[in-house]
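In the two assemblies presented below, chain A is common to both, partnered first by chain B and then by chain C.
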Partner chain A sequence: MIKKIFLVTLLFSLFLTGFAKAELSIDITGARSEPMAVGLPEFSVSGQMAKEDAQETAQKIVQVIESDLTSSGLFKILDSLAYLQSFKGIEDAPAFVDWQAISAEALIQGHVDYLSKKQIRISVRLWDVYAAQELYSATMEVDEKGWRRAAHMIADAVYKRITGEDGYFDTRIVYIAETGPALNRIKRLAIMDQDGENHQFLTDGLNLVLTPRFSPNMQQITYMSYYKDTPRVYLFDIESGRQQVVGDFPGMTFAPRFSPDGHKLIMSMADNGKTDIFEMNLDTRVIRQLTRSSAIDTSPSYSPDGKQIVFNSDRSGAQQLYVMDANGKNVKRISFGNGRYATPVWSPRGDYIAFTKMAGGRFYIGVMFPDGRGERLIAEGYLVEAPTWSPNGRILMYFRQDPPNRDGIPGATKIYAVDITGYNERRLITPVDASDPAWSPLLSNR
Partner chain B sequence: MKKRLFAVLAAVALISGCASTTPAEEEDEASAAAQQAAEQSEAFVQNAKDRVFFGFDKSNLSADAVRVLKVQAEYLKANPTKKIVIEGHTDDRGTREYNLALGERRAVAVKNYLISRGVDADRIRVISYGKERPAVVGANEAAWSQNRRAVTLVKD
Partner chain C sequence: MGLRLSFFMRLRHCPFLFKTVQAAFDHMPIVFSLLLHFFAVFLLTYDFSSAHQPEVVSVPMFVVDLSQVKIAEMTNLPPKLIPTAAKKETKKSVRTSAYSKASAKNSVQPETRGGKAGTSGGKKSSSAALENDLNKLLKSVTAPQKQPESAASVQPPANSIKNTGNQGGGETDDPFKTLLASVDGIKSGMGYADAHTAAEVNPDEIVTEGIEGGQGGSYMQELSVSEKDMIGIKLRECWNLDAGVRGVHNMLIEIRVFLNKDGTVKDAKILNKTKYNKDTAYRSVAESARRAVYICDKKKEDSPFKIFPKNYEQSYDTWKTLLLRFNPFDGGVI
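Entry: the complex of A and B
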């Protein structure tokens, strides 16, 4: 079935060095700043592998680190042709003046040691070029096949040391891959690394599937399937590929999400023209109804402490956002702007709720505080929908569908990411059209 | 695929009707019934009587919709063995999950009307496709209004 993504055995040790006064850092909460200039020279190599092969591995690792850091918009990797120093080993001291000469602010030095044909030890050091000081160093031993994850973890460590926030490079995306004609789209579950690598289709497209979301421990995906023309919420076990319907509901179930502890699912059930929110305890299979109205109550999402749920409802006449306690009590409307509000998702940090907004014939992705204040729109289009948070709560992914052209050819549907500052919007490369993205937790934090 | 529109049923019925030159009495009777059903269901499709349309974000039945559903109810009462599936659909001007619920609401509105006209509830199944199965492609009101619909499919 699915390739095991955890085959990496890690020894991850880090030694934080002393804090300098004028710390080399990036504030990612505020206004846009120039990307930090980083020197990232070739990693030196040693050990039980032909030098060319070892260098190839080292180059691949450097490329992934470069791609991760560059994609964040916070770093720019300086052109390696300009580098005046090359390193022979990890103990080789940086010639800081050489790096200052090309205006590098930070320097990443690395080494790959082949302990055997299959086992590598990667060492990295992060330097503050102007302070001539080590900011961070780490050594990890991994199966050679785990080089890519190791590179993501190094990029995460650099990101964390510089920004003070957890990274998000060692993560995956589950989404819906779309092919076929506009009137009868074929939709498949698919999974990939956050940078589009290790792409894999999980279902065959025989059944329409929608809105996948990860469990907090990454072992399962909950989603909706039209298997046997009976639209219901399902669980997909990533390890075994097994699919299983959730509960025995009389009506259509949809819009599922896991609770932060992974023990519960919340979802909607539509029956007899009414849609309410239900919770299912996955351990006991006990079902509890949380809302009771003649309205459409859907798209529920837990707060990160699991104590509250945000959802959208048309009980006031049009879709607006509401927050309630996890037991369904104390329902409070939080959105009051012009337009309709939908698909609220609570940030993993708890500080924002992301949403889709529809106004004046356009769609927007935005964020607001959980009390409804501070609304900010950060993406806009004919159809943008379904924000999902990076695990550090700093980036949103969503999908964008272009309008069909005059000949009736459907517009492209693609996944984008954007910083919650509204800057650095970029498209994810997928093999086919893509919608309904869901971001995983940080794998190495689990 | 799984969808058997009135149109398909009509085509099948017409084929069996054409093949009905055999002398067997039963077959004649059967083909006559099929012919009749075919004519009626063909009338549905030709007059766009297999579907009703809705306003933006609405699920109430318009006067036009009621006229269509009256014909459907008569057909169903005249053919008491037929079962139907009502598909609820939306345009793409809403979010996926909300539209699934809205499509269900539309299908149920049709179901409830047919029940009120004497069609047995046990013969009716509803399914919502939300915005997943548009009838036409387009980014304009003409297309959207065609997609905000509930379609009645006859099952054998």
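Entry: the complex of A and C
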């Protein structure tokens, strides 16, 4: 009987589905991919400051936002001469038709209010011009001297609201600043904002430093340094400037990198002709060996969830990439292409592993999925090496060295950044030659 | 309880229903669950947006056999295309005049016609109704009439009639010549009528007027594959996608577009709101797809949606909502 009731109800339900009407549907496959056109008019000003001075600050903020968004390659700020509307205040409603007329897809409206001579309140609104919708609005109060960082944060917010991913403008880059002749190269640790501003040297250059890496909390940098001709892994505290050697290992240690939670350090140690991967708990200083092979296992990098590690090894005869669990088990080779693979780095968003590839006498920067599929080379050169991810996993930064000149003098080394799609490669301007960059986490997430 | 008993008493004459209802009462939780399921299925499947609208007759591809086309007096053309009363009358009178002129020539009555072109002395003599028709014809046809006259290839009937009339005074006795003149008159009359009709009537009207099932008729033909492709291609050109968004390879964005009768976009809603609210990458791609709809809409006459009022104006109910499925990577990024 229950079956009958069920059957009757089912039949009745199916009968009702007859009311459902077929809707005309159209498939759109593929799209164009161009920078998004954005209107960024001057921010209006008010408050306890001469109008000209306030306008100057507002202009500088707009310039930084424009520079950030443009450098990402995803946005194109429209020429301000074409704007048909200017805003007198943050409450002014946009004339969407006017912005549509110049093909602006998004509009950033802002206002700077001088609460006092040293304190400013910045208000910003982001509009979808075609949908005539406000996408984002925010107000922040900052010290007047902090206008640059505030501008980066606004650019990050715009980036995040449009792309759906965290921005990377409020970040810093640590790198190796190189000076001097080829045979007596001085390599110092240096740090700067991601746009090249606020540059400073962290070490004096007496000892050679290599492979700097940020800790997730941005307070420390780990790197390898030759002290008395012995390579060791060090920790550098950014705020205090203090540096300390990590552990007392019998052999040389190198290629350090923090775990995603910042509590562990993973590195390689070479001893008795073997190089294996070790993990050190920074809280307890307990060391654990993760690989045991007669080959060279190096360049370890954690997955963002900390459960897996990618590294390169020549255990198969040539340098290839391998993935293993964080405890050293389930080692699996993931690269099978021609040539050699090195310096793997797991993307912060987990979807790619970036690497350096050497094949046919050329160097490449590439990405592949963590299971080894979908290898894609996105930069190529005489020498391109050491990729590092932006904190949102969208941009890859690396260094490029020009070929030597006729006299055999090595070419200059420069830092470049490229979008993961392979487009929008741009050079990061540094005061001296630069190599081995490392990208910090987002400062505002600290 | 009493109500329940009397209800059962009535049902006892129908054993199946009686047992079904009895079992239903015995298994209330299951029945309640089934009813809830049924309600859920109903909610999921019923299209509330069109509940108050008349059901559109859905007819598959309709092939018009030209040999079977019936020219009807009543037309199912959309209001915009229905000729005004005066215009209709004009067309009718054009046909009548062509026929009547030919008939007049056939009957060879030169003595009843005046000497001027198209003068319809014969009609004047026939009846008051025809006279009215001719007056209307003269009013409405005066301007176009001159055009065929000047054209070398088309001989206005008036001339032939005139000639016939002129000759008719002395040569009406020659039946062969009369016949030839009549045939000329018919030919030129028809030519005149055709030329005139073509000049006056919009080609679209000629094609669609009164043809049951023809374009613009009461049944909407299925949107052709090429038309669908055209809409898809135009939307693709409007869709500016950030190709590096996380997970973009596996995304499918569905947007329901609500169109006005003139093909402009009334609203565009992103479906799958749960994912939209939870997944910022999905939201980004979905918003770019919605923006594509609006950008295309702003292209005015080049909007992909303009094809609907243009070709399917009568079937507004079938295209007033569209489901657009945006698939970022099947077709590649251009």
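Note that in this section the second predicted complex is superposed on the first by the 414 of 446 C-alpha atoms of A that agree within 3 Å, B and C clash if a C-alpha of one lies under 4 Å from a C-alpha of the other, contacts with A are read in each partner's own complex, and residues count from 1 in each chain.
Please note the rule applied: a residue touches a chain if its C-beta (ideal position, glycine included) is under 8 Å from a C-beta of that chain, and two chains touch if they have at least 3 such contacts.
None of these values were measured; they are calculated from a predicted model.
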Taking the superposition on A as described, I'd like to know which of chain B and chain C A:Thr211 touches: first, second, both or neither.
first
Just checking: does A:Leu282 make contact with chain B only, chain C only, both, or neither of them? Give me first, second, both or neither.
neither
With the two complexes superposed on chain A, say which partner A:Ile162 touches: chain B (first), chain C (second), both, or neither.
second
For A:Tyr382, decide between first (touching chain B), second (touching chain C), both and neither.
first
Look at A:Asp436 in the shared chain and tell me whether it touches chain B only, chain C only, both, or neither; answer first, second, both or neither.
first
Return first, second, both or neither, reflecting whether A:Ser25 touches chain B, chain C, both chains, or no partner chain.
second
For A:Met36, is the partner it touches chain B (first), chain C (second), both, or none of the two (neither)?
second
Is A:Ile173 contacted by the first partner chain B, the second partner chain C, both or neither?
neither
Contact residues on chain C for chain A in the complex?
19-20, 23-24, 27, 30-31, 34-35, 37-38, 41-42, 45-47, 50, 58, 223, 228, 231-232, 235-237, 239-247, 256, 268, 279-285, 287-292, 294-295, 298, 318-319, 321-334
Of all residues in chain A, those that touch chain B in their complex:
182-185, 187, 208, 210-211, 229, 231, 251-252, 254-255, 268, 270-273, 275, 296, 298-299, 312, 314, 318-319, 340, 342-343, 356, 358, 361, 382-383, 385-386, 401, 403-404, 408-410, 436
Per the touch rule above, chain B residues touching chain A in the complex are 1-2, 57, 59, 92-98, 100-102, 104-105, 108-109, 112, 127-129, 132-139
Contacts from chain A onto chain C in the complex sit at residues 1-2, 4-6, 8-9, 12-13, 16-17, 19-34, 36, 74, 100, 105, 128, 130-131, 135, 160, 162-165, 349, 351, 393-394, 419-421
